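So, here's a batch of structures to check.
The same chain A turns up in both complexes below, where it pairs with chain B and then with chain C.
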Partner chain A sequence: MKNYLQLNLSLLYWILIAPFSGQFFKIAPIFRQMVFIGVRAAPMVALTAFSVGVTLAMQAAHSLQSLGAEMYIPDLVMITLLREMGPVLIAVIVIGRSGSAVAAELGTMKVSEEIEALEVMAINPVQYLVVPRFLAMLVMLPALTIFGNYIGILGGWAVCRFALDFNTAGYVMRALESADTWDLYSGMIKSVVFAWIVITIACNAGLNVEGGAEGVGQSTTASVVQALLAMLVTNAVLTGIFFFSA
Partner chain B sequence: MKRNLSDYLVALFVIACSVVLLAALTFALSGYRLKKPRRTLQINYEDVTGIKIHSEVRYAGAPAGRVIAMRHLTAKEREASANKKDAVRVTVSLDEGIPPLPTDVTATLSSDTMLSPKFVALSAGTPGGQTLANNAAIEGHPAYGLEQITAAAGPLFENANRLLDNLNLTVKGLKVDLDQFTPKLGPLADSLKLDVDNLQNVVKNLEGMSKDADKVLGTADTFISTTDKQLQEQMKQLHVVLLNLKVVSTHAKALVEALAEKPNRIIFSGKPAKLTPESEILKSSKPLPAKKP
Partner chain C sequence: MNANGETIIEVEHLVRRFGDRAVLDGISFNVHRGETLVIMGGSGCGKSTLLRHMIGSMKPTSGSVKLFGEEVTGMTEREIERVRLRFGMLFQSGALLASLTVGENVALPLVQHTDKSPDEIEQIVKQKLEMVGLTGFEDLKPDEISGGMKKRVGLARALALDPELLFSDEPTSGLDPIMTAVVDELTLNLTKGSHMTAVVVSHDMTSAFRIATRMIMLGHGSIVAQGTPDEIRNSSNPEVQQFIHGKADGPIPLNLSQEEHKDHQHVRPRPFFGARFRFHHKHP
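Moving on to the complex of A and B:
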């Protein structure tokens, strides 16, 4: 926990304070990490979001049809995706794919003493290794969430259009009428918070690996589990703050 | 360097696409319209439960626009309003193709089913009269949903309960009265039984009398029919007698006249008189002269 807090403080320093004292972080690694963390995860995110949208619509149809309330399926798909399923499921995908990769990559660097080598060369490992991944994740997870929301809504539309004979315009109108901008932005805020949690836990796990290759595996697994738990608990807290306490 | 450039391009493209998608979704969800509505209508309601911005507006049941604004009326506006209970002003935009609304158009809140979202329903109104101006304000009628019906039914149920309580008291009182009255019913029933027995005897006697009367009437009928036949025959005979008498009396007048003029005619015959024929005498309803002139 102490290491985790130190890492967070260090990150804040390198992002918010260091640039004003002339210690800029490099841009190229950030874009490289964006491609690795975000762009390459897009197909997986798309498939997941589409499946979620389809499943939500089918499950909603099963229950709502018995009440004669099929017209609320777009509402349910839209609100569920924007508020909860979009940010959470896409974060889960990113944790499984990118978070674990970051933890393993940094852990391998740690056990192969590359990080010590950086320190010997007076290169701060947080500035050089963590900040690009952190900023890339902070940008790409919300971007993937937006992308996933669209794909999920498309999945819901597919069910409504081809299985329930919905009018496309009617589906879109119902979906847009049901949600408001706060639903979208609450999901985006969650996504940003999840990005912070996922990448800091992954980086912390990677930077604190001990015990060689076995330690890398254990640390990677631990980072995934911790990130998932932290993300889900944070999601509950944020949902309570956004939609329950008001 | 080449790899860095492709990373830049791909990452920037993804970021740009995300920003565009986010902006588009924000724009769509905010309900902001680039094109401002040309035709609006303001409707004052007592209660707009179930209506929100973007709720549908239907004119004569067909889609006609959207709710674009809602606000509470100020205290002054409420005082100035025709209906003091109005509390919310809903502004709706009307589509271009909607014809001018008649002044007698009514605005209610409705829904397709109990579960369906509510919409502003504008009635068709009467064509040919005056039409509403753009942005005119009209009086809206509240929706009578399940809650309102339940609320209205509350006093009804209370009254029904009171009525049932009163009925219960009445029934109890009636029961007490019946308990007191029932023992007195025994003697009354006994006396009624005696009366019924007597009545049965009277009825039996009356039946006997009726049979006797039938016999008497039968006898009288036979008597009357027999007598009637006899009378008819006698009447026929009498008719013949009377006819003969009519002729005889007419001719007797000639005889009397002859005797009065010359009594010796009885002994000495003279010129025979030409008497009125019997057939004429019988046809005539008046007395005829005995001789023909």
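Moving on to the complex of A and C:
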């Protein structure tokens, strides 16, 4: 826990303070990480989001048809996706895929003395390794979430269009009407917070690995479990703040 | 060489315990500018640990380490970075960054700490790699080269910023005799020409005697013997003689379990009958 707080403080230092004293972070490594964390996760995110969109629409149809309220299916798909399912599910994918990879990569570097070598070369591991991953995650998780939202809505449309008697224009109109910008923004705020949680937990786990390859495995698993729990609890808290306190 | 030159390293009463086992137990020595200090000692006797304390990556249980006259044991990360820019370190494992190519590894300190242009950096990288007998390997990844090559890339990287002080942990282990000579020659040239100071951990006696201006032998947590190569060669200490002549039979304990190791340290110094588990050779 102490390590985790220290990591966060030193991250803030390298991102907010160091650039003003001439130590600006390099851009190229950030893009490399964005490709790894974000672009390569896109197919998985698309598949997940599409299935969720389809499932949501089917469940909504099931419940709403008995009330004769099929016209509200797009509303339900849209709001559930934007507010909850989008940010949470895509964070789950990114934790499983990129969070674990970052923890394992940094952990391997730790046990093979690479981190120590960096320090001895007077290269700060937080600046050199964590900052690019952090910034990449902070950009890519929200971006993936927006992308996933679109695909999810497409999934909902597929059900409405081909299984129910919606026409495309009707679906789109209904969906757009139901959601207001706050639904989108709240989801975006969530996914930025999740990005922070996921990447700091992963990096912290990696940098503090002890005990060889076995230690790397244990830390990686622990980081995935911790990130999932932290993310879900935070989601509940944020939903409470956003939609129950006003 | 010049034992009265400026003192570069001062180690005083250095103690380091892991649990209740004192791996380093009151070590003191100085290194002067232009010297090449060779640290010898059996496997697991704490040579790498001693180096780690000298470069400030491990904190001692007690005692002090001064580099260039500055105490490093209590320094913050920020302060110690300034000192670290003045020395290079070759790790026992090489510790190359696996995600970078050989060339990028050597270039890393230059990219991070200098304003040199990419062309200049490429030039320096070529030159450093040539010094350790590696040309044309710039674009390979560390897992595509041999163990001995990794060592030499690590050495090239340690030398990238032309440090005043070089630490190397077994620079010649895993090298063939010719490459060993090349690396030794390199160390000799650097310490002679540019007044670089070197601290070298070595198991290889030929190489050790070739480069050393002073030698220290570690054993059971303290310094068993120290002196010039000649003094060590003619030492009357049987442990030293056993070590430099590589004999299995002698006072150095071979087969210590952790328990024995502990006992052994309690009864230190007992160099003459410390060995309770000794290989007894049947002579043919």
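Going forward, the second predicted complex is superposed on the first by the 246 of 246 C-alpha atoms of A that agree within 3 Å, B and C clash if a C-alpha of one lies under 4 Å from a C-alpha of the other, contacts with A are read in each partner's own complex, and residues count from 1 in each chain.
Note that in this section contacts are C-beta pairs under 8 Å (C-beta built on N, C-alpha and C of every residue); 3 or more make two chains touch, one makes a residue touch a chain.
Owing to the predicted nature of the structure, the values given are computational and were not obtained by experimental measurement.
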| item | value |
| --- | --- |
| Touched partner set for A:A104, first chain B, second chain C, both or neither | neither |
| Touched partner set for A:E113, first chain B, second chain C, both or neither | second |
| First, second, both or neither for A:V198, with chain B first and chain C second | neither |
| A:N124 touches, of chain B and chain C: first, second, both or neither? | second |
| Those residues of chain A which chain B touches in one complex and chain C touches in the other | none |
| Contact footprint of chain C on chain A as seen in their complex | 105, 108-109, 112-114, 116-124, 128 |
| Residues of chain A that touch chain B when the two form their complex | 28, 31-32, 34-35, 38-39, 42, 67-69, 71-72, 139-140, 142-143, 146-147, 149-150, 176-177, 179-181, 183-185, 188 |
| Residues of chain C touching chain A in the complex | 55, 57, 77, 81-82, 84-85, 89, 91, 93, 95-99, 108-109, 112-113, 157 |
| Chain A partner contacts - residues on chain B that touch it in the complex | 3-4, 7-8, 10-12, 14-15, 17-18, 21-22, 25-26, 28-31, 54-55, 113, 115-117 |
